[in-house]
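There are structures below to look over.
There are two complexes below, and they share subunit A, which is joined by subunit B in the first and by subunit C in the second.
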Partner chain A sequence: MTTVLATAASRGMMLCHACGILARAAPHSHDACCPRCGAPLHLRKPDSIARTWALLLTAMICYIPANVLPMMHTSSLFGSESDTIMSGVVYFWTSGEWYLALIIFFASIMVPMLKMISLVLLLVSVQMRSRWQLVQRTKLYRLVEFVGRWSMLDIYVVAIMVALVQLQALATIQPGPGAIAFGAVVVLTMFAAMAFDPRLIWDPVEETNG
Partner chain B sequence: MGVERIRTQNPVIACHECDLLQREVALPRGGVARCVRCGAELYRSHPDSFERTLALTAGAIVLFAIANSFPIIGLKLQGQVIQTTLFHTVQTLWNEDMKSVGALVFVTTILMPALELFALTYLLLPLRLGRAPPHFAPVFRILQTVKPWGMVEVLMLGVLVSLVKLAKLAGVVPGIALWSFAALMFVMAAVAAVFDPRELWTRVSAAR
Partner chain C sequence: MAETPRMPETSDIPEAVAMPKSRRTVQLVWLIPLVAALVGGWLAVKAIMDRGPEITISFDTGEGLEAGKTKIKYKDVEVGLVKSVVLSEDKARVIVTADLVKGSERYLVEDTRFWVVRARISGGTVSGLGTLLSGSYIGVDLGKSGKPRRDFVALKEPPAFAYDVPGREFLLHSDTIGSLDVGSPIYFRRLQAGQVADYSLDKDGKGVTLKVFVTAPYDKYVTSNTRFWQASGIDVTLDSSGIKIDTQSIVSILIGGLAFETPPESADLPEAAAGTEFNLFANRTLALKNPETLVMKLVMVFNESVRGLAVGAPLDFRGIEIGTVTAIKANLNAADQRINLVIEADLYPARLRTRAVKQQAVLSEEGRTEFLANMIARGLRAQLRTGNLLTGQLYIALDFFPDAPKAKLQLFDSVPEMPTVPSSVRELQNTIASIAAKVQAFPLEQIGADLHQTLQNANKMIVRLDTELTPEARDAFTEARKALATADRVLESNSPFQQDARRAMRELTRAAEAFRVLADYLERHPEALISGKKEEKK
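Coming up: the complex of A and B.
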């Protein structure tokens, strides 16, 4: 592939994120629209760093109740118990379904945590205008975007358990407040990843090239 | 606002992940063009992308309808079977005063996949018949926005996990919707793999 070795931004061009064409617009023009599909155009996602930080910090705060508060209350003739995410993992581990324990541990505990750590790393390195490991950091961002949705797993498990074990006299399962906090973490980190603009990773390269 | 579309003989495109300008090249069948600097996938060439997307979308609509009308799983207890559909799950959460969680499940497993399938049909079917649908651009943007929020494959894993959990309480009866959701998961993944927005825009320009 022939390369022009310049960024679109340095030539005053913007990529439409909806339909993928290049458009030229006056620098710093606001409310520019894509000539083909009408989507708003901007050189970089607006206020990318501030928005990502805001969403990320909110997600971090929600991550605490998500892990401490119960996801489900089970009450039966034999008593009642509350399950947090971690106690669910432990339950599967001790009852011999170690593969399920691993899936839930990765999807519900590791993925949100690694996602938040990765976004902090990306934000801090962009704010320091770092030129360290550009390709690897872009790959990290791609991974964060791809993997985030899988954290919804526990929400669906709670939803199905609650719906099925409602109607009978033997036992009832009720959703706990942890489910709300956990859902918020997943949605907020997804929005945070969308608000981040990976092109910011590459912008410091442009400056040194002139 | 002085916005002008760039037109050249050899189209120049920008990488959506690192903003590098590069010239578009013709691809062999099934080839993938990647950004030379960051490795992001820029575009790919699919044989019969348009027809395949339309066919797979039609299949997905049928599966989606079945998946939402029949029970996903049932519990066998004391000689009676308790079953739940996906929508009933949402209703239960809503009534249990977990409106936000119920809404989240509804949006990610019913609303967003439905919107995605509707938008695809709306865009592709008239084009197949040689006409450009009205409001093509806004519907196309809805399609792009909706995509990351449809989570059929995650729901499928969630159903499997709860199957194992529930199997300890009582006999579990897999419902018809379980199989249709499994099939829907693969068909939706195939739609995402063959869908080529570039070809869509070429066809619209030709149809107008």
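Coming up: the complex of A and C.
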């Protein structure tokens, strides 16, 4: 990326996300709106870093109860049990179904954690105006955004089980507080990924060239 | 792109409409992590606040105990959860660490008890069947002591009674545990009134102390004079009154049990306090026997067999049991080289007193001995009698025998000796024996020999008669027949003899008639004898 490439921002241009019109940024003003459709215009997503941080921190907070609190209450004739994500993984692992254990472990523990670490990495690097591994970091962002929806696997499983296993006295499954926290983690990381503006990764390049 | 689009100049691009600056100094987005942190923090604080005390319980075995799964329940309400199950340092016991719910601190006291609830069959009851499916749990009974405690030793068996069951605990002393066990039932008038809670061997090893729990309302019938006895199984008594079978319920037949009863005369005594000690009797008869306050020792010497007399056999006065046999001994009398059977007995003089004179002063020992001497002088004697013909059980009867030979009260090793008379059976035996002796003395053999000779002589005579007399008799008979035939012939109706006889008879009749005429004439004319017959005038 040694050659200087023009960006909309470097030319003081903004694109309306609603009607696609290109508009010049008004001088000395920060906020602007589309001259044609009135949608808010901005060079970069406003407060991208702060919002991402806020959502990411919330997700991190929620990540603790998501793993500590039980995901699912199973009550049957043979007594009732509360399972956290980790106890489920351990259960599958000890009962020999290691592939299921691995799937749950990756989908429900590793992926949310990696997502959060990735976002932290992106945010810190952007804030440090780092020019390190620009392309890789952008790819990482795309991966984070793509992977987001797949982390809801656990929630789907719990939702289906709760709906299916309602045999009253024989066996019932109820979602635990961990499920809510886990769902919040997934949703919050998705929002955090959306709030992050990947163009910020490339901004340091502009500055040094500009 | 075939057609090159018109590239607008920078100046052609419209300028964005400037918006008034409306920046909030505090970004709202930070409220989200704030709320999350607050909620999370509150939950964490609450979880820490809600954490109850942690206790350790020591078990013999970890059977059925699982970390994170086994619950601690009080009255089937979950009050805690087992956190870890580990072996003790010396590997001898299993140490269970458990978290209890908040607020249970004040129940974790010195006498709080823990045990494992699992399916078990004991004491005729089946309990904990639900645990077959749900797995074992730890039961707890909350103590009442004020001394806090955090490390407990679990009971091996569930306690028979929870602390909050109303009732009273009593201690029973017994020689043997019998077939009792923890949980064995206690019956009062055949109603189940409690259970054996615990038992332990006495320190000196000479007996067993049972801890029994009598539930309300039955506990108020336990007075200081209540008697407890073993109601285990079937109590078959075979004594002079026959066969008696005494049982409580089927359950107690199978697994044993206890029963208690208060003698009616002491029913108005105050209720016994918890922890009162009682003796456990072997059976109901022993239990309800009046403890004799007044005991008089007696000795009786018999010259006959005492087979059938047992220790405990009654001393009977005209149907009233006034004592029991305490010992049966054989005593070699060195003086006359005879073996006497010495029966020792306890006499309860109090039983002879009537209710009306209950208040009368108790006689002194000398007085009693004197009284006994008087009675003996009047003919009071001891006699062995058969109580049960079927079994040959004997008892000792005290009765007056006015015809008995005179006797005086003697002391046998400083114990008054009651003179005896032979038993009626013995007398009967004696009579039969004398008859037998007489029968034996009878010269049966001599008689037999004489009779034999007589019969032989008779036989000889008959033979002679047969050989000598018979032919002559036959001749005599022939002759006789001939004579008879002749006689027959003579006596036939047409025989000359007959005709002659008839004629003669007719002549005789005529003669008689003539004689009668003459007699009549002479009666009327006696002078005719002199003058002769006169001619009849016509």
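The definition used in the following text is that the second predicted complex is superposed on the first by the 180 of 210 C-alpha atoms of A that agree within 3 Å, B and C clash if a C-alpha of one lies under 4 Å from a C-alpha of the other, contacts with A are read in each partner's own complex, and residues count from 1 in each chain.
The criterion applied here is as follows: a contact is a pair of C-beta atoms (placed from the backbone, for glycine too) under 8 Å apart; a residue touches a chain by one contact, two chains touch by 3 or more.
These figures come from a predicted structure and were not determined experimentally.
In the superposition on chain A, A:50 makes contact with subunit C only, while subunit B stays out of contact range. Judged by the touch definition given at the top, the superposed model places A:104 against subunit B, while subunit C stays out of reach. A count of residues in subunit A touched by subunit B and by subunit C gives the higher number to B. Once chain A of one complex is fitted onto chain A of the other, the partner contacts of A:136 are absent, as it touches neither subunit B nor subunit C. Looking at the shared chain after the overlay, A:8 reaches subunit B, while subunit C stays out of its contact range. Within the superposed three-chain model, A:23 lies in touch with subunit B and with subunit C [touch as defined at top]. Contact with both subunit B and subunit C is seen for A:32 once the two complexes are overlaid on the shared chain. Applying the stated contact rule after C-alpha superposition, one finds that A:127 touches neither subunit B nor subunit C. Of the two partner chains placed by superposition, subunit B and subunit C are both touched by A:41. Once the two complexes are overlaid on the shared chain, A:58 sits against subunit C while remaining clear of subunit B.
Subunit A residues 11, 13, 21-26, 29, 31-36, 38, 41, 184 lie at the interface with subunit B in one structure and with subunit C in the other. For subunit C in complex with subunit A, the residues that touch the partner chain are 8, 10, 13-23, 27, 29-30, 32-33, 35-37, 40, 43, 69, 133-135.
Chain contact summary for the complex, subunit A toward subunit C: residues 11, 13-14, 21-26, 29-36, 38, 40-41, 47, 50-51, 54-55, 57-58, 61-62, 64-65, 77-79, 81, 184, 188, 195.
The residues of subunit A lying in touch with subunit B in their complex are 1-9, 11, 13, 15, 17-26, 29, 31-39, 41, 95, 97, 100, 103-104, 107, 134-135, 138-139, 141-142, 145, 149-150, 152-168, 170-171, 174-175, 179-180, 183-184, 187, 190, 194, 198-199, 201-203.
Contact residues of subunit B toward subunit A in the complex are 1-6, 10, 12-14, 16-23, 25, 33, 36-40, 72-75, 77, 82, 84, 88-90, 92-93, 96, 98, 100-102, 104-105, 108-109, 137-138, 140-141, 144, 148, 151, 154-155, 157-159, 161-162, 164-166, 168-169, 197-198, 201.
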